[in-house]
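Please read through the structure below; I'll follow up with questions.
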Amino acid sequence: MINMRTKLSGFVTIGVMVTALGGLAWAGEALKEPSLEQRVAELEAYVNNGSRLTEVASKIPGPGPGHNAWLMVCAALVLFMTLPGLALFYGGLVRRKNVLSVLAQCLGIAGLVTILWWAVGYSLVFAPVGSILGGFSFAFLNGVDSAANPDYSGWVSQNVFSMYQMMFAIITPALIVGAVAERIKYAAVLMFVGLWMFVVYFPLAHMVWGADGLMNGVWNAHSKIKAIDFAGGTVVHMSSGWSALVLCLIVGKRLGLGKTAMAPHSMVLCMIGTAILWIGWYGFNAGSALAADGIASNAFVTTTLATAIASVTWAAAEWITRGKPSVLGLCSGVVAGLVTVTPACGFVTSSGAVVIGVFAGLMPFLACVKLKAALGYDDALDTFGVHAVGGTLGLILTGFLATAKANPNLATNLGEIVGRTLWLHQLGAMGITIALAVVGSAVIAFLVKFTVGLRPNVEEETVGLDVVDHGEQGYVLE
Amino acid sequence: MKKIEAVIKPFKLEDVKDALANAGVQGMTVIEVKGFGRQKGHTEIYRGSEYTVDFVPKLKIEIVLPDNAVESAIEAIAAAARTGKIGDGKIFVLPVEQALRIRTGECGDHAV
Amino acid sequence: MINMRTKLSGFVTIGVMVTALGGLAWAGEALKEPSLEQRVAELEAYVNNGSRLTEVASKIPGPGPGHNAWLMVCAALVLFMTLPGLALFYGGLVRRKNVLSVLAQCLGIAGLVTILWWAVGYSLVFAPVGSILGGFSFAFLNGVDSAANPDYSGWVSQNVFSMYQMMFAIITPALIVGAVAERIKYAAVLMFVGLWMFVVYFPLAHMVWGADGLMNGVWNAHSKIKAIDFAGGTVVHMSSGWSALVLCLIVGKRLGLGKTAMAPHSMVLCMIGTAILWIGWYGFNAGSALAADGIASNAFVTTTLATAIASVTWAAAEWITRGKPSVLGLCSGVVAGLVTVTPACGFVTSSGAVVIGVFAGLMPFLACVKLKAALGYDDALDTFGVHAVGGTLGLILTGFLATAKANPNLATNLGEIVGRTLWLHQLGAMGITIALAVVGSAVIAFLVKFTVGLRPNVEEETVGLDVVDHGEQGYVLE
Amino acid sequence: MINMRTKLSGFVTIGVMVTALGGLAWAGEALKEPSLEQRVAELEAYVNNGSRLTEVASKIPGPGPGHNAWLMVCAALVLFMTLPGLALFYGGLVRRKNVLSVLAQCLGIAGLVTILWWAVGYSLVFAPVGSILGGFSFAFLNGVDSAANPDYSGWVSQNVFSMYQMMFAIITPALIVGAVAERIKYAAVLMFVGLWMFVVYFPLAHMVWGADGLMNGVWNAHSKIKAIDFAGGTVVHMSSGWSALVLCLIVGKRLGLGKTAMAPHSMVLCMIGTAILWIGWYGFNAGSALAADGIASNAFVTTTLATAIASVTWAAAEWITRGKPSVLGLCSGVVAGLVTVTPACGFVTSSGAVVIGVFAGLMPFLACVKLKAALGYDDALDTFGVHAVGGTLGLILTGFLATAKANPNLATNLGEIVGRTLWLHQLGAMGITIALAVVGSAVIAFLVKFTVGLRPNVEEETVGLDVVDHGEQGYVLE
Amino acid sequence: MKKIEAVIKPFKLEDVKDALANAGVQGMTVIEVKGFGRQKGHTEIYRGSEYTVDFVPKLKIEIVLPDNAVESAIEAIAAAARTGKIGDGKIFVLPVEQALRIRTGECGDHAV
Amino acid sequence: MKKIEAVIKPFKLEDVKDALANAGVQGMTVIEVKGFGRQKGHTEIYRGSEYTVDFVPKLKIEIVLPDNAVESAIEAIAAAARTGKIGDGKIFVLPVEQALRIRTGECGDHAV
């Protein structure tokens, strides 16, 4: 839309400000005008992503354009990871007859989680007060407008922040479907995810990222467990990965597993999905700085290095152990690198990222190739092998590699433990995350099993979920 | 020599192949086909439009073999491909007058 | 390219400034130097997307980095919507033999419209003076350089603004091709679009968005019709949707319609296109704030909510009425949500967006499934059902749901009518838009019919347009 | 993830500053505090992308958010060009049996080049001192942190700058594989590229873009050859294009060329790749301003115009010479336009871009269609025809069309020669680039040939590289 | 029993199927094939390269049926598939010696 | 009339087509098939899973022609398709009882 808003902007921003500062200054009691020096200091605070002045009225009460633009871009990038990134990454790996079911699951989860997030999810995660779960003050995005919420990000609109966080809440349950692909009812997926958000995601996200969360080591001085997780090793990858394992055990193996070929129907789609995941992950990781500042810059670099190195490592492992590096290996390494560096990216240096990349290429490789074969569970698309193993690995490596050189915020509440006992706190967070995911998912899975049911019947599974659950075919190529 | 043409359900291919191997058959040719018969297809809906896809994906197996091997091959296929549900398919036998292995130029029963 | 421009930048920006302010201060007559207070105020104006100082020389005469970066990103995102977003969304829905014809149409339209826009289009839409059509002063982008045009956006380069707007001019006619897909000559498409830009698009865009436009309710205090349309409900969606209906009636039905199956050849491509449309639409909607400010933040949120909810609603309607939610339903809902929220996104709150989302899921669903079946026109890919119906719906809902709480600019020229009679003005804009699109398209369609001809012959249509018009095949899979 | 960094930011930025300014002020000897006027001047410098104050301590020592956000986005966009852009553009053009080999080459090159760049590449290109090659001071990204490197970009983190440049180093060798697609061993590609980076890319990039580079006409006052190349006509396109020609001559023709059909297996993938290349190229070209300033704005516009016009021109040439415009023609025109405008985009006006677009549509068209047929080399996917021809053409046209009106930086060191003898310097740069690429590639190609070998055997080439080199198939569609 | 093999134009499948149903035929198998004959293919051009695609996509219909049903089936196919333009296709009749329905084990005319 | 069915290696199609044209054959129908025989397929590995793809892509050529043309056609195919390596394929000859050109209604030898 065209605007000549210039003349009106004073008005605009004052409108915004009144809303924004409502909690600080009682309506009616106006703050004093700032001095010229204070105005300059606030402009500098914008550039530095520093704290706003609270004792005087602000001349720039809205979001700061550079940071706000960045977070809008990042929110779009994280959505891009799910739609179509993850949908293609997974969709390419299933058989042709089930490709649409994967796309429908990703789309349906995006819609469902949006509604839950709008209604209560955002509030349960980011509203005060509580160390396990937030409150209801932001329900229906009440009061969540274009002003910033200084508890989380000083220069980004809170409504943008809420959408950015929502994109994380969307991709997390979507990761789970990889483990049970090709053999779960559409209704079962939606019911499982709907419950899982309340039982696992919202509490975990609040505990790790909520300003008063139990495990928010960086920002909550009173947190019991001083763990750190920059962009979601626990909340996103461990939670989905461990839940995926439980769910796929309860759902059972695909019909014909081990007897009929279940080769990916399109490695091309899988590779497109991988590339989109990589690009989108910059929004996920560097965006988690919630500003376009130096910490974002650092996260951008560590993400890139760990990912590329994990990709090479995985492919090299294949080349050595079987004589051929595969596209799926290169892609799996990319995803494993991205997953593993996620909790670490804003806390480690580029050298730390290189170390993470090597581990990220090896451990998930072993999990997918050796462990799965040894134990025999049917984690169809390796959600457990990549996300649970990678996320757990990353969480622990972060405990050892995090350094205030990479992120000075680590020196505030955690100065005593970084480089020393931090890894113990990471283990604590690991334990809680796994326990919550495993127990929560098991309970929900049985609930679904005995209500709408988990699996299609044999005939349906043989025909494929696309036709059975959606009445469509992925390709009509005659 | 005879030619056996068998239309079967796709997911039975492995079983049929193994059964034929046990019956001594070493070569065959397989074709993806669409079957029309008693077994019905499915319905697809795209926005306002409804399409009835009334064919069912099947595989056709073709084997040429000496007269004396026909009986056992038919039995092997029939046993391996049967599920007892509609759509299990058919087996047809046709006469073959000549056969030739391109690589060696061998003819007749030796060629198959 | 590498730069050490730092030392030169004073020079650079002065160069820019001279050009930019040419119209305000006569060349030669230098403006006074600003005071320190004025300099700080101008920096604040940048952060606030407020108005520049005009009475003194500016120390920051170029574009503002945060806003300018944002609009470059948004321009790229809107192009991404057409190439490859819309091309895939439509391309996946046609039969295999016509997929390339759709891609060629989108690519060809992008090229053609770029040339028209560069030559006169931008000028006819955004140059003064006129309430129906602009003038020629910006022809060949004359004088359109990196300085901002304060009539439209104070902190974004005018040349970036011109490209951003061009991307809208590209996608609009590309939307039309969905209705006549699979049965129109390539030359006919290009000729139709070439004329249509002059007859329908340029006037409409000027009337709605031109600073002195007839229907620019927000910014033109003298506008006859005080309509509001944030990101293109009239200019983009209604214009294309109603034109599509007319064109598909004149072109006639596809050969064999109703007899042979015309199922989408690749729902996978269609879903990829949908996802790209969604992502790109953030550039379309939030970018229409022309700044990374609080209004953009709000548009980002309303766009997300309406889209996700419309997707769920459409799929739920399918689930209820036919027993199965389809991927095409989820995708159609996404697009319908995006279309419907387009005119509203910068003017309504998040609650308003939820209401829009529900309507957007239902009305276009009914139009595509019931209305089309009842009336029997062959709108092949439902351009009318989604874009005309969704755009019209959105325009009217905006009349009821717009509020100065979401966008304080509504309080300036429209304080009297917002929340009261605004919807009547919306109806007025609706009438003019439909009349212009319907009459204009009919005239042009007959012109094309009797010159280059609209349809391929029966043999050609049977073989498919890919081979006939382009000498290529979409896939060679043997 | 979530931050309340606001209170800590002073600390953060001081931490960064100490590192950043280490070279300027000896540790321990603190700079003086800036005056209010100096603080305002520095804020203005941020907006203008101007030079920082060096004589006093900075209150905003970190990266500037608008510029930093922009360059992070651009870095992601340039990676997006390779993964999946180029991979799909090339992958769609090969036969089905070789599609994965192309994807594997692009992925493998991304990984390999990342490792080289991290270890020594960045240092050899951007560390002082030397006119042919840089030094080792930045090896292992030592000292490359979130502070800016004022030699290159005053307001962008140096680590982001290093990643941005890395994305160029990734796509360049990936372009080469197009010429030898369908008939080169995977190991050979990796070995060739590994050596080629040291022999061709790193020296060339340093000479053209290094602050003290031999051919850096814009910024190095002492450069011997006063050439200009905004975004990589020499470093990226000519280097890869000429190397591709040499390599494909040494590798030899594909088996069955001219006898069996080698039609693209998926023009749809090719078009998706083209669109992604176009979108990503905004990061490549407008990002090369290294700031979201007016020069970036100008590059955005010139890139768009030249690309769209080249696409139309190429398709028109096909339409005239053979009766049908093809999707491959439209796509080839897009890429040719992007390539040709690359060296020019930041130096020419929009009118200049239109001229470039027309040439870019014609010359590469003739090279791919006539020249290749006449000479008979098997440049499978036309890397030479598009990138070498387009890059060379663009370099020379830049010599004639560059103007200080578009980029005032041209007036500093080059005021005397722009518009006069600049084209002679461009010819000089052309000669050095071609010589280095041709000789370097020939030597390396023979080295590879006599060690790991270049080609698979006849059986392997017949079966296809996907199964042979990677043990996978692109599509399993039964 | 006989086997009818008919090569037809793809867009005629619906018509042929209906005609056969009217003629009492209940089962058939359809295969996508490439036809070479009098009808010519098309030319594709990709940058410098020109390819003549000299096959035409066709469908082959295979029906096994009792001897007495052959005549009417042939007539039905021929009538439904005819456009009068080159490339309409062929109908061939081959002898079949045996038929078996896998599901039930029925043989001969009862099996088809 | 006879029907020749030849299974060949896909990349030999051009050569076989030319050879048949030289031998006077004007029409044929080609089908993509999967061959199982002495020639073995390949192995694919996807993360932990290994699949042996034990079919080989082949083309089947079908030609119906007058009895007296059979010999030369077989020779033409055999010569053109031979590489001497395993998997070159087979040629089978089956009896045909009737042929009809749909377009014209011509029957017998005139129809092929």
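A few comments on the model shown:
The first chain written gets the first letter, and so on, giving A, B, C, D, E and F; residue counts start at 1 in each chain.
Simple rule for what comes next: a contact is a pair of C-beta atoms (placed from the backbone, for glycine too) under 8 Å apart; a residue touches a chain by one contact, two chains touch by 3 or more.
Owing to the predicted nature of the structure, the values given are computational and were not obtained by experimental measurement.
The chains in contact with chain A and with chain F alike are B, D. With steps allowed only between chains in touch, the distance from chain C over to chain F comes to 2. When the contact pairs of A-F are matched by residue number across D-E, D-F or C-E, over half of them reappear in D-E.
Should one ask which of D-E and D-F has more C-beta pairs in contact, the pair is D-E. At the interface between chain E and chain F, under half of the residue numbers involved are used by both copies, so each side presents largely different positions. With centres taken as mean Cα positions, chain C sits 55 Å from chain B. Taking each chain's centre as the average of its CA atoms, chain A and chain D sit 31 Å apart.
Chain A and chain B have Cα centroids lying 50 Å from one another. Centre-to-centre, using mean CA coordinates, chain B is 18 Å away from chain E. Multi-chain contact residues, meaning those touching two or more other chains, occur in chain F at positions 31-32, 44-46, 53, 94-95.
Residue positions of chain D touching 2 or more other chains, listed in rising order: 36, 40, 43, 46, 64-67, 69, 73, 261, 263-264, 272, 322, 324, 326, 328, 471-473, 475, 477-478.
Here the touching chains pair up as A-B, A-C, A-D, A-F, B-C, B-E, B-F, C-D, C-E, D-E, D-F, E-F. Interface residues of chain E facing chain D in the complex, by the touch rule stated above, are 44-49, 51, 53.
Across the interface of their complex, chain F is touched by residues 2, 6-8, 31-38, 55, 58, 60, 74, 77-78, 81-95 of chain E. Residues 93, 261-264, 318, 322, 324, 326, 328-329, 332, 368-370, 372-373, 382, 385 of chain A touch chain F in their complex.
Contact residues on chain D toward chain F in their complex (touch as defined above): 256, 259-260, 462-463, 467, 471-473. Those residues of chain B that touch chain F in the complex are listed here as 3, 17, 26-31, 64, 94-103, 105, 111-112.
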